Amino acid sequence: MYEYDWSSIPGALPYLWEGMKVSLEITFVAIVAGIVWGTLLAMMRLSNLGPLSWFAAGYVNLFRSVPLVMVLLWFFLIVPQFLRAVLGLDPTTDTRLASAMVGFALFEAAYYSEIIRAGIQSVPKGQVAAAYALGMTYGQAMRLVILPQAFRNMVPLLLTQAIILFQDTSLVYVSALADFFGAAYKVGERDGRLVELLLFAGAVYFVICYSASYVVKRLHQGNGS
Amino acid sequence: MNYNWNWGIFLAQVPTGETTYLGWLLSGLQMTVMLSLSAWVLALALGSIVGVLRTVPVKWLAGFAAAYVELFRNIPLLVQLFIWYFVLPEILPGGTAFKQINPVAQQFLASMVCLAFFTSARVAEQVRAGINSLPRGQKNAGLALGFTLPQTYRHVMVPMAFRIIVPPLTSEFLNIFKNSAVCSTIGLLELAAQGRQLVDYTAQAYESFIAVTVLYLLINMVVMAVMRQVEKRTRVPGYIGAK
Amino acid sequence: MISIKNVSKWYGAFQVLKDCSTEIQKGEVVVVCGPSGSGKSTLIKCVNALEPFQQGDIVVNGISVADAKTNLPRLRARVGMVFQHFELFPHMTITENLTIAQTKVLGRSKEEATQKGLKLLDRVGLKAHADKYPGQLSGGQQQRVAIARALSMDPICMLFDEPTSALDPEMINEVLDVMVELAHEGMTMMVVTHEMGFARKVAHRVIFMDQGRIVEDAKKEEFFGTPRSERAQLFLSKILHH
Amino acid sequence: AVVAAPAYAQELTGTLKKIKDTNTISLGHRESSIPFSYYDDKQQVVGYSHEIMLKVVDAIKQELKLPNLQIKLIPVTSQNRIPLVQNGTVDIECGSTTNNTERQKQVAFSNTIFIIGTRLLTRKDSGIKDFPDLAGKTVVTTAGTTSERLIRKMNEEKQMKMNIISAKDHGESFLTLETGRAVAFMMDDALLYGEIAKARKPGDWQVVGTPQSREAYGCMMRKDDPQFKKIVDATIAKLQTSGEINALYNKWFMSPVPPKGLNLNFPMSDDMKALHNNPNDKAYE
Amino acid sequence: MISIKNVSKWYGAFQVLKDCSTEIQKGEVVVVCGPSGSGKSTLIKCVNALEPFQQGDIVVNGISVADAKTNLPRLRARVGMVFQHFELFPHMTITENLTIAQTKVLGRSKEEATQKGLKLLDRVGLKAHADKYPGQLSGGQQQRVAIARALSMDPICMLFDEPTSALDPEMINEVLDVMVELAHEGMTMMVVTHEMGFARKVAHRVIFMDQGRIVEDAKKEEFFGTPRSERAQLFLSKILHH
C-alpha cells in the first residue's frame, strides 16, 4: 500500500496560488478575446461574401484539426520572434504568458465561433425579417435583435467551453509556464511527491469545475422556464 | 535565425538501427490510431448507455448517470490519466497483477480506459441532448403503440437521436485523436511522443513539429471524410435538420 | 368500454384535472372541446396511461389503468392514438412505420404485418407512398398514415388529440373524411377537436372542459341546441362566428 | 587615446554586443533538476549549475564594465531549451544539458561543468547488482536521455529481453520504480542520488552497476559566437583550476540542500577530479 | 399605392413566382389566398424587399423596390408588416418592442415613442400588459401587440402574412376584430389569410394564387360569386366546407 505524504502541500500553497492566477488569467483573456474574434468569425462564416466565409471556414477547420498542445508549441516558438520583429521588443521580454494567451485565444475562437454561429442560427429567421420590416439596417438588426437573443441561448454552451478551456490551461507546460497544474507537478517532482500533488490538483479542479457547471445548469434552467 | 534545416533526417537510421526516424513517426501514428479507435468504440458504448440513463424516468438511474458525467468531465484529462495509471493500481485489488503485465500493454490499457471514460462523459451529454431534442410526442407515440419503454428507446428515440447528433459526435471523435496526445505523458509512444523523441535524438525540432502537425491534419481529414459518409448514409429523406 | 371515474391530476401544486368522470360506450363517438390549457390533452393521455394521475381510476375494456399490476404496454397496444403532430417515426419508411409495432409488439410475421399495413395504407388513399419517408409527405398525408398506423394494431378504440389543428386548411378535410368513415364503421372514438362540423356530423356526445373540469357532457343535439354553461356558450360563439 | 582591455580590444559582436546594447542577459534555467538548477521553496532558482552560471555573469559584468547588468531568468524544459537558445530568448543555459555531437550541430557548448556516469537505482533487496542482472526484467529510464539510448542498444546487442519503459521525466521514472513496475531505474548517477534523497524511505534504495557511459554537462550558447564562448569557458576553467569548485561541490553534493534539507552524499568521481585538473569542452561519445 | 409589375422569382432552378402583376390603390383592402406553397408569403415579402426577386418591379408609394439606389430600410420603415408567428422580440418588454424601432429608426425621442406606443397598446386593448415580456402573453395578445408595433411607425400601408393561422381558435377573432377596425379606418392593406369571413366582411378584392401564379384577381363579390378558375373553386370548396 502506498504511503501518502501530504507535507509538501502547505509550503507550496503560495506557489500553487501563483499558478492558479496564471490559469485564471489565461482563461479570462482567452474567453474574452475568443468570444470577440469568434463572433466576427461566425458573422463572416454566415455572410454571403464567398471569400470571407471561406476564410472563416478554413480558419475554424485548421484550428480544430490540430491538438492544442501543438498549437501552443507553435505559438511559443514562433510568436515571440514575430512580436519582437513587429513591435521591436527587447529580446528578453518574457513573452511566454503573452504567447500562451494569444495561442489560446486564437484556438478557442475557432470553437467559440462554432457555438456563436449555432446561436445565431437558433434565432428564428422571422426575427430578422421582423427587424428589417421595421426599417432596421443589418447592423441594427444584429446588434439590437439577433445577437442579444443568440447570446442568451448560448450562455450555457459558452460557459461549458470556458470550463474545458480552464482545464486545458494545464497544457501550457510546453512553454514551462507554470499554471496551476504545472505548479503542482513541479512541486511534486521536486519533492518526489507527484501522486499527492496531482491528487490534490485533481480535487481542486473538480471543485472549481463542478461549481462552475452547477452555476451553468442553474442559469440554463432560469433561461428555460 | 541560425537553424540548420535537414529534411533528410526522416530517412536516417535511428540509433538502435532497426528503422528510420520516419519509421518511428509512422509507428507513433499507428499507435495513435489504434488507441483512439479502441477508446472511441468503448466511449461510444459507455456514453450511449449513460446518456440514455440520464433521460430515463427512474430517479436513481438518472442520478447515477449525472454523477458519472460530472466526475469524468470536471477533472482534467491529464490528472485522470495519472490516476488510472499510477494511483488506481495501488488501490484496486487486481493492481499488482496489472503491474506485472507487459509495460506497453499497461500503458495502452490505462490510456484507452482513461480516454474512453473521459470521452464517454461528453458523448453521454450529446446523446442526452439528442434525445431531449426529439419532440416529446415521439416517446408517447412509441408507448401508445404498445412498445415498452426500452423498446421505445431502442426503436424510436435512440436511432433518431443518433442521427441528429452525428455532427457533434464528429467533433468528439476528432477530439479523441487530439486528446490521445496526452497519453505520451505516461510513456506511451504515440505520435506526439515519437515526435518529441525525434527532437530528443536529432535536435531537429521544427522538422519534427511540422511532420507531426501534418500527420494530425491527415488523421483529421480522414475522420471528417468518414463521418461525412456516415452522415450521408444516415440522413433521413425529407427531414430537415434537428430543429 | 372506457370509464373515467373521478380522475384528478396535479403537476406539482397545479391541478390540471379536477374530479373528471365520464363513460364511453362501445361504438360511441365522443368529441372533447374547450379552451386552450383546459386539460383536454391531459385527460385523453390519461386514458392510455401516457400520463399518470394521482386520484380516481380509468377502466378500459375492463382493465384498470391505475392498477400497478396492469401490463400497460399490452393495454396501450389495444388503444389506438393519433397525435396533433402526427409523430410518425421520421427515420423509417411509411411501410416500416406501419409494421414495426405489429412485429415487435404483437409478434406478427413480417409478411403478415406488411400485408396488413399496405391494406390500411390503401384505405387512407396513400398506397403509392409506401416506400417514402414521413418527411416527404404533406401534413395531411402524414396524419392519414398515422391513423393507418394506429389501425394496424386492431385497436378496440381510438383516441385523437387535435388531429387536424396542425394542418393547412386545405388538408383538414382529407383527414376528417377518414375519421368520419371510421366513425360510420362503428369504431369507438374519443376525439379532442375544435372542428365543430365534424362533431355535428358524427359525434354522439360532446364533452366541454374548462380549467381542468368537465363542464358539459351532453348529447350532441343538446350541446349544440342549448349548452347549459355560460363558458361553453361563449366558447362556441368564439370559435363558430368567424 | 583609446583605453582598451587587451583581450577584448576588437569590436564586440554577437551575444556580448547584445548584452552590452541592452544591458541585459537572459539566463536559461531548469525548474526541478536537483541539485543542478531548480526552484527552492521560496521560488528562487538555486543549484550547482546555476551558481556556475552566475559566476559567468559576474565575469561578463566585469569585462563589459556593466555593474548594473540586468539578469533575466527564463525557465526552460528539456524540449524547448535548444530552440530557445537558437531564437535568442536565452543567451546561455546552464542546467543539466549533455554535450553531444548532434546538439553541437544546433548550439555551442562551454567547458564541461560536470561529468556523470549512467548507472542503476534499485531497491536494496532487489538482488540487482549490475547490468547483466537485468536480463528479462523491466527497466525504467527517462525519455530523451542518453540512458534511454544506451539501454536500448544494450538490449538489442546483448539480447537481454528487457522491457524498457521510457517515462516522461525523472519524477515519473522514479514513481514507476517505486510502484514496482520496474526493478531498476537507469539514469545519470547524480540524478539518481537526488531521487534517493527525495524518496519516502531513502534507506531502501541504492545506486549500483558499472557506469555505462560518461557524459559531460555543459552550458549551451548560440553557435559561432567565439567571443562569448571564450569568456564563458575562461570563467569555468578558472573556477576549476583554482580549486574554488571544491567548495561549490561540497555545498551541493555533500551537504543538505533546499528545499527539504536533503543530502545527496554523492562523492566526487575520479572523472570529475581529472576534469578539474584539465578543463575542456569535449563531448564524450 | 402598391403596384406589382410582372414579378418573377426563382429559388435556384425552382420558380416560386411567375410573372405576377397587380395594383393596390390607396385605402384598398386586398386578401390573398391559395394553397400552401403557392407563393403567397413570398409575394408579400417581395413588396417590402424582404425577399429579392429577379424579374419585374414593385413600386410602393412611387419608389421602386428593385432599384439598387433605393434606401430599403427607409422604405420598409413606412410599410407595416405582421407575421404568422408574431415575431415580437422576446428579450424586450412590450413597451420596448413598441418603441425600439421608433427611436432607432425614426429617431423619435424616448418619451414621444413611449407615448405613441402606449396609445396604440391601449387601442388594441392591452394597456395593462405594457411591462410584460412577449412570452407572458397569449398568442392572440402577442399578435395584437405586433399590429400595434407595426402601426407605431405610422405606416402608409400594412402587410399581413397569415396573421391568425398560428392562433388557438378562440383567439382568432380578437385579432380579426382589430384588423377589421383598421380596414374600416381606411388603411391600405394586403392580407394573406384563409379567413374567408374576414374577406367577405372587409376585402375590396381577392387574389387567388396557385403554383406561383396569380390565377384570380377579382372584386370580392365576383370572387365569391363565380370564381372563374377550377382550381380556385376546388380550393374554396375545400376550405369552406368543414
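For reference, chains read A, B, C, D and E in written order, and residue numbers begin at 1 within each chain.
Simple rule for what comes next: a residue touches a chain if its C-beta (ideal position, glycine included) is under 8 Å from a C-beta of that chain, and two chains touch if they have at least 3 such contacts.
Keep in mind the model is a prediction, meaning the values are calculated, not measured.
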Problem - Between chain B and chain E, the fewest steps along chains that touch one another - result: 2
Handout entry: Centroid comparison with chain B (C-alpha atoms), farthest chain
Key = E
Exercise for the section: Measure off the straight-line distance from the CA centroid of chain A to the CA centroid of chain C, and report it in whole Å. Expected result: 51
Practice task
Let me have the rounded angstrom distance from the C-alpha centre of chain C over to the C-alpha centre of chain D, please.
Solution key: 83
Practice task
Starting from the mean Cα coordinates of chain C and chain E, work out the distance between those two points in Å.
Solution key: 35
Completion exercise
chain D to chain E, mean C-alpha position gap in Å, rounds to 82
Problem - Set of chain E residues in contact with two or more other chains - result: none
Completion exercise
Residue ranges of chain B touching at least 2 other chains are 1, 86, 90, 205-206
Completion exercise
Multi-chain contacts in chain D, i.e. residues touching at least two other chains, fall at 79, 83, 87-88, 172, 175, 179
Completion exercise
Pairwise touch list, complete, is A-B, A-D, A-E, B-C, B-D, C-E
Problem - chain D to chain B touching residues, read off their complex - result: 78-79, 82-83, 86-88, 102-103, 105-106, 138, 143-145, 149, 152-153, 156, 163-168, 172, 175-176, 179-182, 222-224
Handout entry: chain A to chain B touching residues, read off their complex
Key = 1-2, 62, 64-70, 73-74, 77, 81, 122, 163, 167-168, 170, 181, 194-195, 198-199, 201-202, 205-206, 209-210, 213
Fill in the blank from the handout: chain B residues touching chain D in their complex are 1-4, 15-18, 86, 89-90, 96, 99, 102-104, 106-107, 184-187, 189, 193, 196-197, 199-203, 205-206
Fill in the blank from the handout: Listed in rising order, chain D residues that touch chain A in their complex are 18, 22, 24-26, 31-32, 34, 38-39, 41, 43, 70, 72, 74-77, 79-80, 83, 87-89, 169-172, 174-175, 179, 195, 198-200, 259-260
Handout entry: Residues of chain B defined as touching chain C within the complex
Key = 135, 137-138, 140-148, 151, 155-156, 159-160, 163, 236-240
